[in-house]
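Notes for the one structure printed next.
Letters A, B, C, D, E and F mark the chains in the order given here, with residues in each chain numbered from 1 onward.
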Amino acid sequence: MVEQQNKGIGKQALQLVLASSDELEELKSDMEQLTYQYCLGKTGSMDLQKVVSAIETAAKRNHIIKEKLYREMHALYHAILEAVQGVTRGQVQLGDVMRTVGLRFAVVRGKPYANEDEGEWVAVALYGTIGAPIRGLEHETAGLGINHI
Amino acid sequence: MVEQQNKGIGKQALQLVLASSDELEELKSDMEQLTYQYCLGKTGSMDLQKVVSAIETAAKRNHIIKEKLYREMHALYHAILEAVQGVTRGQVQLGDVMRTVGLRFAVVRGKPYANEDEGEWVAVALYGTIGAPIRGLEHETAGLGINHI
Amino acid sequence: MVEQQNKGIGKQALQLVLASSDELEELKSDMEQLTYQYCLGKTGSMDLQKVVSAIETAAKRNHIIKEKLYREMHALYHAILEAVQGVTRGQVQLGDVMRTVGLRFAVVRGKPYANEDEGEWVAVALYGTIGAPIRGLEHETAGLGINHI
Amino acid sequence: MVEQQNKGIGKQALQLVLASSDELEELKSDMEQLTYQYCLGKTGSMDLQKVVSAIETAAKRNHIIKEKLYREMHALYHAILEAVQGVTRGQVQLGDVMRTVGLRFAVVRGKPYANEDEGEWVAVALYGTIGAPIRGLEHETAGLGINHI
Amino acid sequence: MVEQQNKGIGKQALQLVLASSDELEELKSDMEQLTYQYCLGKTGSMDLQKVVSAIETAAKRNHIIKEKLYREMHALYHAILEAVQGVTRGQVQLGDVMRTVGLRFAVVRGKPYANEDEGEWVAVALYGTIGAPIRGLEHETAGLGINHI
Amino acid sequence: MVEQQNKGIGKQALQLVLASSDELEELKSDMEQLTYQYCLGKTGSMDLQKVVSAIETAAKRNHIIKEKLYREMHALYHAILEAVQGVTRGQVQLGDVMRTVGLRFAVVRGKPYANEDEGEWVAVALYGTIGAPIRGLEHETAGLGINHI
């Protein structure tokens, strides 16, 4: 039977995007013990394409994902789209429906299951604000996508 | 101009559903300082109606929401549905597409904006697992919904 | 070039579901002048299937649609689903997301275009309430679907 | 228990967008008796952002909604998106799927429930045509969104 | 009772987009026996509007659809959108979610039912690749839409 | 750079569900040359859960997918859901919106890319009819889902 480790890859990714700078230090040492790889970044836009692209680029540059291997890019892409659905809730659209986002993102890669055969998975977490393109007219938003690599 | 306080109502709700028992104690004292009201619970089902209902019932019983006031129930309902969209990513369905969830939920109510006129808001956070109706064949999932009351 | 008559088939259908009993009398005489066929009914349920079925049955029994002809049933079916999307706004679901409807419906059939070759079209209008399965915890809702027959 | 007044805020909004000029005069006197505030306008575009923006701008300029208060803008925004879903039925998209709209819109604000504690609500109604970006290749469309303020 | 002929209009359309050049010759003779009209083409873009437009234009130029008759354009349009939903699976979007398609399309028109009264129908089939805007980072995709004319 | 072999895994799956019994024999020998594994089956229901379940069961029983390995079940599940979206086009629902399907399905597993590192992928193809729960009131439908394993 498949068993999950104490700290899931998704929880780890969510805590990274929610963390204050103090909490980040603590999380980083957690990650090393779990042998998870990860990267963190920020992106903000009315253009959804830029949000998807920013996360893909960060994951490639930080060698979380091999950019020449389609199966890895495919796994990441669907994890990103699933996380974006948590952020947009309903229409996977930003500027077209007159709204903008400011997001922190984390991409975490590792083996979250005790059974070695389950192999590697990727988690994408997003947290930030969504709202009208006017400062302050916004509320918080979050999303999590997980996929096998 | 509208300004958000250091710790948003959504982050608070997400941290509640992600917290270990130690972390929960710390969060509870945070909540008191921010004068946020909240409740925490668990729900698991292949039946989406039961998930929605469990959260509504908890929010009513804990007096986070006035059950006789439709505007409050309406605010909560849409926050729940938005959080569920993060969990289901695509189809707002569970058993119909052969999957089940096991979730912790938090409902937080309070005034997240510095401007008093912005009034009260409600956040619903969900975190847990989604997968096939077979133990272990599941991965993590999360969602966040926010609405004005 | 295609030209629309003064009173569209969709407006006619919407006015039928919105009408008070006095207004209904007036509309009925309008319909005769426009040679539109129509039927009116009520349906209420947490079960979306019953809503779809009630409208189909009324349209068949009132001979607005020939039930043995698939092309007519197909045209009506898609007009119903489109109207239901206006009512449900987002998820085409009722009980699964813990809500119920009470609706008036109108099905109108006729030739809304000046060009005779445009042939017959069908409009389905819905108006009523949607909300929690508790009396009073509900607000208004409406939808309109139009298709060529 | 919550009770709705004779003439709902949504019906009022729908009748405003459906009204001929004669009918408009009658409706305006209705609105005054019900102490509803409202504005009426027109918008047409292949660009959904422009449709959303036109309704928001009209509601702000006519002081139906306080533009500096996020909770009011948030309430209006979701009512607009819900109405747009009735118009677009399926994909909340226009030009991307090669279609355009010409719409009348009404925004109505008031207290539709007998219980004073239910407070203010906003209704957005849309009615017009949707179709190919070629004059005449279009049919009617409508939508209604309602939210608490 | 309605009965379908041996070779459906949808299967025919799918086989056209899947066919090698040898298989195409065989299919063409099938089509003549069934008195189906059809056209074949290719389109590739990150812009969904161009995909819809390419299929509409081919169907008009090859006289599969009468471009001046809205009921025919309406039937084709919905068949295209349904086929596109098979291709995009979830969000009816391409560039906005950072992906591109390369597609073969077939539009087939004819009478697929034994009962003459069922009249003419249109099928749109799509087959090709979808993926990142980088050559090779893509997999196959397909879609089928059918509508009465 | 990633390169696709002459005959994609998706095309293979689609041809299996479209094939007459003669064509099937030919396809089977193709599959052996490509070292693809596959299974074929039939399912019909108003209950979407049964459709998903029938495909999963066939893939497990025919050892296309290892049922104890979540990463394989997860890959298959998402490929099924994507194929179902082509079949349902819009709402991933059957009985709830008063319709039923009769489908042939194929699950194909193999290495569709020339680059060995791209590893194994799974394709799910569906073809059959969708319509009212009355014999004959139906038209063809198809879907294709592809995922890395």
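As a convention for this text, a contact is a pair of C-beta atoms (placed from the backbone, for glycine too) under 8 Å apart; a residue touches a chain by one contact, two chains touch by 3 or more.
It should be emphasised that the depicted structure is a prediction, and the values quoted were computed from it without experimental measurement.
When the partners of chain D are compared with those of chain F, the chains appearing in both lists are A, B, C, E. Averaging Cα coordinates per chain places chain B and chain C 36 Å apart. Chain C has residues 1-2, 70, 74, 90, 93, 96, 121, 136-137, 139 in contact with two or more other chains. Taken chain by chain, the contacts fit none of the simple shapes, being neither an open path, a ring, a star, nor a full set of pairwise contacts.
Which chains touch which is summed up as A-B, A-D, A-E, A-F, B-C, B-D, B-F, C-D, C-E, C-F, D-E, E-F.
Against chain F, the residues of chain A that register as touching in their complex are 1-2, 68-71, 74-75, 78, 113, 115, 117-119, 121, 147-148. Against chain F, in their complex, chain C makes its touches with residues 48-49, 52-53, 56, 70, 73-74, 77, 81, 84, 92-93, 96.
Partner chain A is touched in their complex by these residues of chain E: 90-91, 93, 95-99, 131-132, 136-139. Listed in rising order, the residues of chain E touching chain F in the complex are 1-4, 8-11, 14-15, 18, 82, 85-87, 89-90, 112, 121, 123, 125, 127, 129, 135-137, 139-146.
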